[in-house]
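The letters A, B, C and D name the chains in turn, as written, and every chain counts its residues from 1.
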Amino acid sequence: MLFRQAGIFHTDYSADRALFPIPADRWMIGILLLLALAAPIYMNTLYLSSYLLPWLVWTAGALGLNLILGWAGQFHLGYAAVMGIGAYAAVHATRAGIPWEIAIVLAGITAAVIGSVFAFAALRVKGLYLALSTLALQFVMDWTISHVPAISGGTQATLQAPDIRLLGWAVTSDAGLYYVALVWCVLVTSFMLNLRRTALGRALVAVREKDYAAAVIGVNSFYFKLVAFATSSFIGGVSGAILIGTFYHAVTPEQFSVDVSIQALAMVIVGGLGSIISSYFGAAFILLMPGVMNSFISWAATKFGFSLGIETLAHLPQAFYGALIIGFLLIEPLGLGKIYNNIRDYLLVWPFGYTKK
Amino acid sequence: MTLKDRGGDAPVLECRSVERRFSGIVALNGIDMRIERGEIFGLVGPNGCGKTTLTNAITGFYPPQRGHILLNGRDITGLAPHYVATLGVARTFQNLALFNGMSVLDNILLGRHIHMKPSVGRTALYWWLARSDETLNRAAVEDVIDFLQLESVRDELVDGIPIGLKKRVELARALAAEPSFLILDEPMAGMNQEEKEYMARFILDARDERNVTVLLIEHHMDVITGICDRMLALNYGEMIGSGVPADVVADPRVIEAYIGGAHVAR
Amino acid sequence: MDAISLMESAANGALIGLMYSLVAMGIVLIYKSSSVPNLAQGSMTMLAAYVLLAFANSAGAPIWAAISLAIITMFIIGMAIERVALRRLAGRPIIMILMMTLGLEIFLRAGSMTIWGGTTRPMNLGISDAPLFLGPLLINRAYAFGAVVTIAMFGFFVLFFRSRMGVVLRAISDDYTAAWSVGISVERGVALSWAMSAVVATIAGVLWSSVQGVDQSLAQLLLKGVTVAVLGGLDSIGGALLAGVLLGVVEGIASSVLDPLLGGASRDLVDAAMLILTILIRPHGLFGRHDIERV
Amino acid sequence: MSRAEPALAWNFETDTTLIRVLAQNAEVFPDRVAMREKDKGIWNQTTWQQLLEIVLCCAAGLEELDFKAGDVMLVLGDNRPRLYAGMLAAGALGGYAMPAFPDATLDEIRHFVHEAGARFALAEDQEQVDKILDLREQGATIEHIIYDDPRGLAAYANPGLISWDTLQAKGAELVIRNPNLRNELIARAQPEGPAVFVHSSGSTGKPKGVVLSHRNLLAGVRNAYRGGAFQFGESILAYLPMAWVGDFAVTMGAGIALHFTINIPERQETVLQNLREIAPTFYLAAPRSWDNLLTTIQVRMEDSSWLKRLVYKFFMALAISAEKRKLEGGQPTLKQWLLSPIGEWLVYGPIKDQLGLTRLRGAFTGGEAMGEDTFVFYRALGIKLRQLYGQTETSAYNAIQDLNEVRLHTVGRPLPGVDIRISDAGEILVRSGSVFSGYFKQDEATRESLEDGWLHTGDAGYLEPDGHLVVLGRLSDIVHTAKGERYIPNYSENRLKFSPYIKDAAVLGSGRDTLSAIICIDKEAVGLWAELRGISYISYADLSQKPQVIALIAAAVKHVNSALPHGLQLRKFVCLHKEFDADDGEITRTRKIRRNVVEERYKPIIDAIYGHQNTVLMKAKVSYESGEVGVIERTLSVQEA
């Protein structure tokens, strides 16, 4: 109905592999990009910096996790630790006087190097064991960060992050910080989009789907899992650094605890494994849900005249996460992204029932 | 082109007294096999006779405990499967091993893996670094698609196409790697007569036009005698006959094993 | 550090370790029957403790009656979890199943917190605080009690797996499809294993809450339980018992050595290290079957 | 077209040749795309300049192989750019390019080759080369075989086998070495020289060779252009068999003369996919293809979800009723008018998009009559489907329906430049620049069909007072009434069968005063119709005699009558108690009626009709499945139409 596809033909292979061959998609992406660019103009700063900005950074982070989970099919329960490594590395680097641009790259590299240590566990075992070893490593990282004062800045301490400086200019305005987040999110997204059409992406999927079949066509599973872990950790590390730089402005160990790992996992699962738009949905859902739920509950509380303890309010969103994960796994294991795709397919073949070639 | 021009008179594949045991059970015992360049070499035997084990020994999944396997004169015994693939060995599976979530095109493109340079940098900088590589390999894949007449299903998910076509897609993926040695594990299982004939034609064409040497594991005797130059018959991991198909098929030991095997299967 | 206090740490560690085994046994029971690694075992332990508390405090039931009620309740909850959440995922990729048990973990833990709040509440089983003396060694009475119960549970399981129902469960764990084909109801067996696992969780919950009170930290027993289960071999109940002792001893000694150096809280680090080392060196654990997946 | 049109290169000079027009195109739009071929997954484009180069090199190469004016080149294969180029090259050298159906049997091809004495053959691939080699073994005169796709041919050592690439390279060398050769080759062919050598459909007797000159072909295109069939720069999909005159007349004739973009599908199996990719502006297909496409749509709608089906049914019904009003000269109702944009957005547009018919300006059907429902369906979708009438002998274009004046039973008015009259025998005669000058080596046949420049088409028909041509059928099928009125039973029967409720019909009247019909209802359709109205019935025979059903059929007959001249209208009809059955010999296995059997078996009915009875008692033998033969009696009512 919305997607008109007649008359789309390609005269070379690169056009045939274009990211968005359907004009309606190109329009949509273009409009969304324009809206994103113009957001500081029409959106009030509160929404911009407390909703839109963290959403973008978390989306980038979730995409990194999706790379390892959805593409390479490797479980990762310690993603927050990886983000934390990046965050601490960037903060320490900038405090040491290293320019921010270089510091975030360093953050990514540090995360990638340490994240690859995680990978070594993954290279030896899979499934449950991988999950457990990444979980164990998350604990080790948590423990190390909070028990080594040189990293955390002392027990229970909060380490202030210096202002972001780009090419020597301090970026302090809400709009400026927002654009930093936007650029990073767009970069990660374009990387992931390209992953879908390159040899690397295909190799990762091959490893995920059938490792023996991957081996007979010459795919070295070991190497590609390592690449996946390193890349995902790089994205996670930089996302962590940017999250601190643009949103929290200070870093503490709790920001990257095991709960945060689970939150990131929930984003990917609720959003949908192995799809790009799903990470946007998942991040939005998980980030917005507690706020929306709390306002709903307080609204309901006043409306129906009951009161809930502060503890209840604090834990309800968590319980809801759990319920959501269970619900999605039972009803739509491929998450919101799959629902979106179903709707899209419904419209793509409209008015027919399915595509027949 | 003489044999010498194609890299000497070394056989493409040679197995020297290959032995493989699984927890005490001898699955392969002293297998000697020489496959010459440009041959279509048949491998037959009743179920569980060690055909697939031999394939797995060659491709490195279960390296032999004793004996050697040489590819183009080079000892490949014990090399990792993915490394064996880069040396020019491709194979298909009896029960298909396609990547179901991908399109036919992407599956065949994966066959080009060893010719491509997948990397993070190239992916990130697709427009500058990866596009030409992707395009070149796509062209190679399209040659295979044309060769196996898969145009009409190119963009469909592998999941949704009929089994006969899936078998063809798997052959396409193997051929896309431009192997020098191709192992086909029962490529015609579950096919009707017409599809079988098509497949036989494709195998012959692949040998003639794409210079591959083929090891063909097959149950259908008519196929073996029809297109194989030489063959080897196995039973309980032992060689019970080898040579020109007409002779092997006439060998009483083979007949006994084969009919006996068929009997058991029934 | 003198040898006596080291031995004391080791002895108490061994007893604590046996109590870890109780959590691990729950994980092993489920893994044996359906190859599902239950990451919600910690939360189930915690939930059981809250349920018990609810029966004991709110309903005012005597403690032994409350425990029995809690066991029955958890038996049903265990079955329900299997029926509602896990059965439909049979045959799905391990990643989905893991995520499901993780989702259960979050749901049960946060759900309990939502209902009962986060403050630690005491649980009194009537065990005296006075230590036991074993020669020169001071032994915690509650740990000793817990250890005895654990060994009793182990004994029960040994007997159980010789019973008819136990044989059925063993058949399921040996070969899923074969069990299916000889007419064993695999679903019912798996459901039973979940129910028993929930019962084990209840007992663990009772014992642990008597030691440390009822709060969120009970759920963190998961890490201990998983470490013990993996170390013992995921499908071996006896392995879980011995691995529990091993972990307890190592933890006890290591923490008494390391705590002063690292400024406390080194137990978790030791657990994590044990887990990683096991996975790297001997993924199938001390007594597990060798065919456990490994790349 | 976003690009500004250069001045028209061609002012409909028919006194030229295809190669000259091609050269003109190459000069005026050197970089514009002439041909696109889907190959290896992408559309490879050839510009007009490149196409000219290819044709010239091929011509030079052919000449090097001693291809002379008057030589015949057999062309065998599916639509491929090189085969088209080869045909143009043969024409440029004054030779005959003779395309044959790629799936034709060896016997058919042997006949053509032998009759024409072909010395050259252009084959698509190994399969076709093998056929030609077989022919040669059987004594055919083919000396040179040029092949396009070299796959599998490397090992062939047969003499005279040459790949297209080699030929092309040879020719290129010659063209470069001899600068005058280009212009000489372009100028060599003469307007009256052969452009193509096709075979007439041969519905009666053996196919006859038809040579169309450049002038014939171009005149046909000019006539069609003036008649509004197509414009300059259309985009077309060349998928029709190359041996059919329609393909050459559209793809090469109009394609070059009006510089179309000619798109060639990847394989026959991918035509529908490729159609969607290209979304051509001009599309010609046989009624059967349109029917099949409609069936595809209906089947896929049946597989769709209930919501989609509901929306589809609502808007299609709306559009069809609006279209019917329009065809009857009315205006759409206010509701139809208001809802049609929504329908376009929700249903018509998406369906056209799914099929690749969104850009269609010229949609044509030809060859035979098309069912009214199919026709109305496409027009309701917003596709201006029209009939095209023509023969091989007239370069395919005689008459088309006008865009805004479509009448279902006519094929429209004769094209400008085409004179049509009806002979005394009721035969359609055509005179035009597009009419050929005679059958190949068949003087007698030529004399029979060409008289003073008038072509005897062999079709029976008549002109309506306002000039619309009605084609009734083959002249040989004509029957006379007692009053001497000519009619073709087949024509009326086909129109009756366009009603979904009528499965078969036999029109009677030979030697009688008036026409009447025996009608077999369609059990499925009528049964459903009856169920929906709560009419219960026991059997086919019972159903066929229900008054409501008879009224339903009467309406259908009346509808057919409305488009027939007064004298040929059906006066009476009987609904038969059973279907015509091939087992009973009433129809052939291909469902063609056996008139004598029907007239003999149902003599009582015929007598009743012409004996002015209201009912007839029909005794009929029926053979049961058990092999027993029984007799049943039925009273059938004879109905006034």
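The definition used in the following text is that a contact is a pair of C-beta atoms (placed from the backbone, for glycine too) under 8 Å apart; a residue touches a chain by one contact, two chains touch by 3 or more.
Owing to the predicted nature of the structure, the values given are computational and were not obtained by experimental measurement.
Each chain gets a centre from the mean of its Cα atoms; the one farthest from the centre of subunit D is C. The chain pair A-D and the chain pair B-D differ in C-beta contact count, and the higher one is A-D.
Work out the mean CA point of subunit A and of subunit D, and you get 58 Å between them. In whole angstrom, the spacing between the mean C-alpha positions of subunit B and subunit D is 48.
The geometric centre of subunit A is 33 Å away from that of subunit C, both derived from CA atoms. Counting partner chains per residue, subunit B has residues 138-139, 152 touching two or more of them.
Subunit A has residues 12-13, 16, 221, 357 in contact with two or more other chains. Of all possible chain pairs, the ones that touch are A-B, A-C, A-D, B-D. The part of subunit B that touches subunit D in the complex is made up of residues 105, 138-139, 142-143, 145-147, 149, 151-152, 154, 205, 208-209.
Touching subunit A in their complex are the following residues of subunit D: 36, 38, 41-45, 272-273, 276-279, 300-301, 303-305, 308, 311-312, 345-347, 349-359. Remark: subunit D residues 39-42, 151-152, 154-155, 266-267, 269-270, 273 touch subunit B in the complex. Subunit A meets subunit C in the complex at residues 69, 73, 75, 77, 121, 123-129, 131-133, 135-137, 139-140, 143, 147, 155, 221-222, 262, 265, 269, 273, 309, 311-312, 314-326, 329-330, 333.
On the subunit A side of its complex with subunit B, the touching residues are 12-14, 16-17, 191, 194-195, 197-203, 205-206, 209-210, 212-221, 224, 227, 230-231, 357.
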